[in-house]
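Shared chain: chain A. Partners: chain B in the first complex, chain C in the second.
Entry: the complex of A and B
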């Protein structure tokens, strides 16, 4: 059983967070809330999203799984304004999700979850923790996108640095500790990442909201943030690139 | 080398094409720009009235007719087609003939604006990265993903109702028809496979023929229908190539 009412924005958020990596996903539904974990087909990045039942206006659910085509659900959610309340109900007889937006009823066929894997979370050694305003990180990422296809992120005891170098141009964003919300590292940590992936992970976070990064040396980055008034939590993992020289 | 004729008369156009292209058609690329009409008969029948277009005859016999917009050619002939040129009733006529499947295309020019003939050397391989590798090629290079002892006999085998993706034999020399789907297997792919299997059965006189539907994901409903028809399925994982050798995978950190 699954029956819920929620602001359209919450569902839109989940789709914005997961859809850069996967086109379909398995939603795990429990009485406590909804979560999904997925990796992109190349296994370069992973997303883990959790939305507590408290972010719903109404929420009643047993444990179940729903296989959802994210493009399709995203299309349906475009029919609603961010503040509209959307009602969701699982219809067991037809294996469809019934979505009500105002007087509009949309029944969406669900995907078979049998083949959808449960990705394993890798073992990570990420000593550095950096918390930064999304807008600031995004500015650096946008500047880097224009010059290169990868960026290096470096954390030292007193600063966080983003660096991208293309054939002719260079981007450097260096933020001293006092401009960051948090910076904590016992040692210098540096890893290199693909901008395509990284920028997709920063985009879902709005303006002044904080993003926390956990960084290691040539290790994946763990990037996490809250959404919908801290009732939702998203974690991304992104595998590093190795230096080409 | 490149030879160009601008605004030639129809007779000059034919002479030019015969001199520079026809003698070594398999080595030269011909581009014709002009006002033409296209008539095609083969898998279907089509007729395209007068209009200004670009016609290209490639070194492998491929013929493409492009209009002034859109990515795809409006008419085309596959690789291996034979092209001939003639002047008939004051018009330049290009005929392209492909044997199997039988396809004929006739392009009639009433005005030629430009002809260019060139020999292009191009031996580079196209490198596409970060893509799903082609599932059919994957199976051909490793037929054991279907089952042990499976032997691929022909790719794209033509049968009465269409084209079989892969025609194989299993270790007991039973013919196996394999239909490959890139994403989710659907009910209609079951019917497609069923028709191909029955086509092959006629070809080999009531012998046992197996049919296997191969897809990254086969939903339960499709599995059920397949078993009802005595067909099989394989869930073949989509292998994805990493963007490049420098990108690590999360699997490296498990």
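Entry: the complex of A and C
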């Protein structure tokens, strides 16, 4: 059983966060809320989204799984304005999700979840923790995108540095500790990442909201942020580039 | 696409097949049918050892893979597995990944495989570290590789529509081949390309792949009947079906090394039964296998059994017009004795006569004679058997025709315009070309007026003027002149067109 009413914005947020990595995803539904975990087809990045029941206007659910085509759901959500209330209901008999936007009723067929993996977020040793305003990070990422296809992130005791080097051009964004919301690292940490992925992971975070990064040495990066007034929480994991062997 | 989709319970005995099917539909309720697993998936080998036959290929593959785990990746970072459908290419790749505990990223023909998609999945996968399906981080240094498998890589890219004539230089190729080449060049993870037809992959932009990749061939002849029988028996054992030995042997022999089709056929005869005896034998037939042009040439050039050749040619599905090109191109490579060669060409020429008549009178029954002449006829022309293994080549005539297509298009378009103006056939107009070119090149003024008169495009002018076209705009004053003249005459033609239209009304 699943029945809920929610602002369209919340669903849109979930889709914005997950859709750069996967086109189909398994939504795990519990009485406490909705979560989604997925690995991208290239096995390079992971996403974990949690939305608490408290972010819904109405929420009633048993434990269940729903396989959802994100492009399709995104298309449906485009029919609603961010502040519209959307009602969602799972119809067991037809295995469809019934979505009501105002007087519009849209029934969406669900996907078989049998083949969808259920990854766990791994425990990683990522000593450095950096919290930064999304807008500041995004500026650096956008500049780097034009220059190279990979980006190196370095955290030291007193600064955080983003560096991209292309064939001819270089981008460097160095932020001293006092410009960051938090910087905490016992040692210098540096890892190299594909910029396409990294930029997709920064994009869903709105302007001044904080984004937290956990960084290690040639280890994945973990990005965390809240959305919809801290009722939603998203975690991205991105595997580093393989540097010359 | 591989031809394994058709079950081999064939039409030899239609009535019996009908009965069998009826029997099955009565016995099996629908939900059961839906739930039934495909045995080829269910019994897909888990280790390389379990893959039937082709021992040497498997050893090569394994030694390539073990180099990855030694710390330094091998020089050739990708492997091409080439072979006929069903011999175990995909199975070997998957079994390898399973043995080495590598995460598999598979792009097969059912996925969209445009350049963009390949880049998104294969290229990014190739450059970055890996998260496994269950969410572990597996760094390459600790052997956590991901294996990128591009299945059916020979029919990846070209989504050409045959009606689109703008496709002169493969413009519609959606960059898939290039994306693969780039990925293979840069990759830091192992890649396996799987093809039925190696030639299809390594032509038209894929030539570099031959050097970048280690090619491992899976030969269907190296899959022994005994091994297939053993496999089939094992499957029967775990399915709890008793199948008479004779049936298994027949299945194994007739699949001609296509293990997958043997397993499929087995499943088909076992459907809804617990006991299969020799009474099903008449239902089984030979599998038609599509022959590649190279097999066909090999048989024509190296054997003399005309009946067999005739059957092979009809199976090959090759158009007689292109077949004759292939034979023509490769005949001198195969027949080393001059006397044989002369005789063979004599016969080939008469085949060509039949082809010509067939298209002129639309009497395509004549193709039959043409095909027999270029196949069996050419085969019987030789006095001795040639063993040399020369490489067959793509007909150069077809190649030339393809590269010159844009030029020929321009030429015929000019001829069409002249024909329209002078009221002659374009064939006749074509005969004026040399003179016209001479005049054009020596008299630019005439060329310009002519251009306006016929409404020739810049490309067509370029063709007629040849080298002169380039030199024209060099001088500044001349350039201005030309532009002025262009402008004036443009107006004139527009007026002319208008008046013409008026008079027409």
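To be clear about the criterion, the second predicted complex is superposed on the first by the 241 of 245 C-alpha atoms of A that agree within 3 Å, B and C clash if a C-alpha of one lies under 4 Å from a C-alpha of the other, contacts with A are read in each partner's own complex, and residues count from 1 in each chain.
The working rule: contacts are C-beta pairs under 8 Å (C-beta built on N, C-alpha and C of every residue); 3 or more make two chains touch, one makes a residue touch a chain.
Treat the numbers as computed from the prediction; the structure is a model and nothing was measured.
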| item | value |
| --- | --- |
| Chain A as common anchor, with chain B and chain C clashing or fitting | clash |
| Which superposed partner A:112 touches (first chain B, second chain C, both, neither) | first |
| Chain B versus chain C as contact partner of A:37, first or second or both or neither | second |
| Which of chain B and chain C A:207 touches, first, second, both or neither | neither |
| Contacts of A:186 with chain B and chain C, given as first, second, both or neither | neither |
| Stretch in clash, chain C with chain B, out of 331-339, 349-357, 421-429 or 439-447 | 421-429 |
| Chain B and chain C contact sites that coincide on chain A, given as residue numbers | 39, 41-46, 119-120, 122, 124, 194, 219-220, 237, 239-242 |
| Footprint of chain C on chain A - complex, ascending | 37, 39, 41-46, 117-122, 124, 193-194, 196-197, 218-220, 237, 239-242, 245 |
| Contact set on chain C toward chain A in their complex | 71-73, 103, 105, 120-122, 124-125, 127-137, 139-140, 146, 188-189 |
| Chain A residues within the chain B interface of the complex | 39, 41-46, 111-112, 114-116, 119-120, 122-124, 194, 219-220, 237, 239-244 |
| Footprint of chain A on chain B - complex, ascending | 130, 132, 184, 216-221, 235, 238, 240-243, 246-254 |
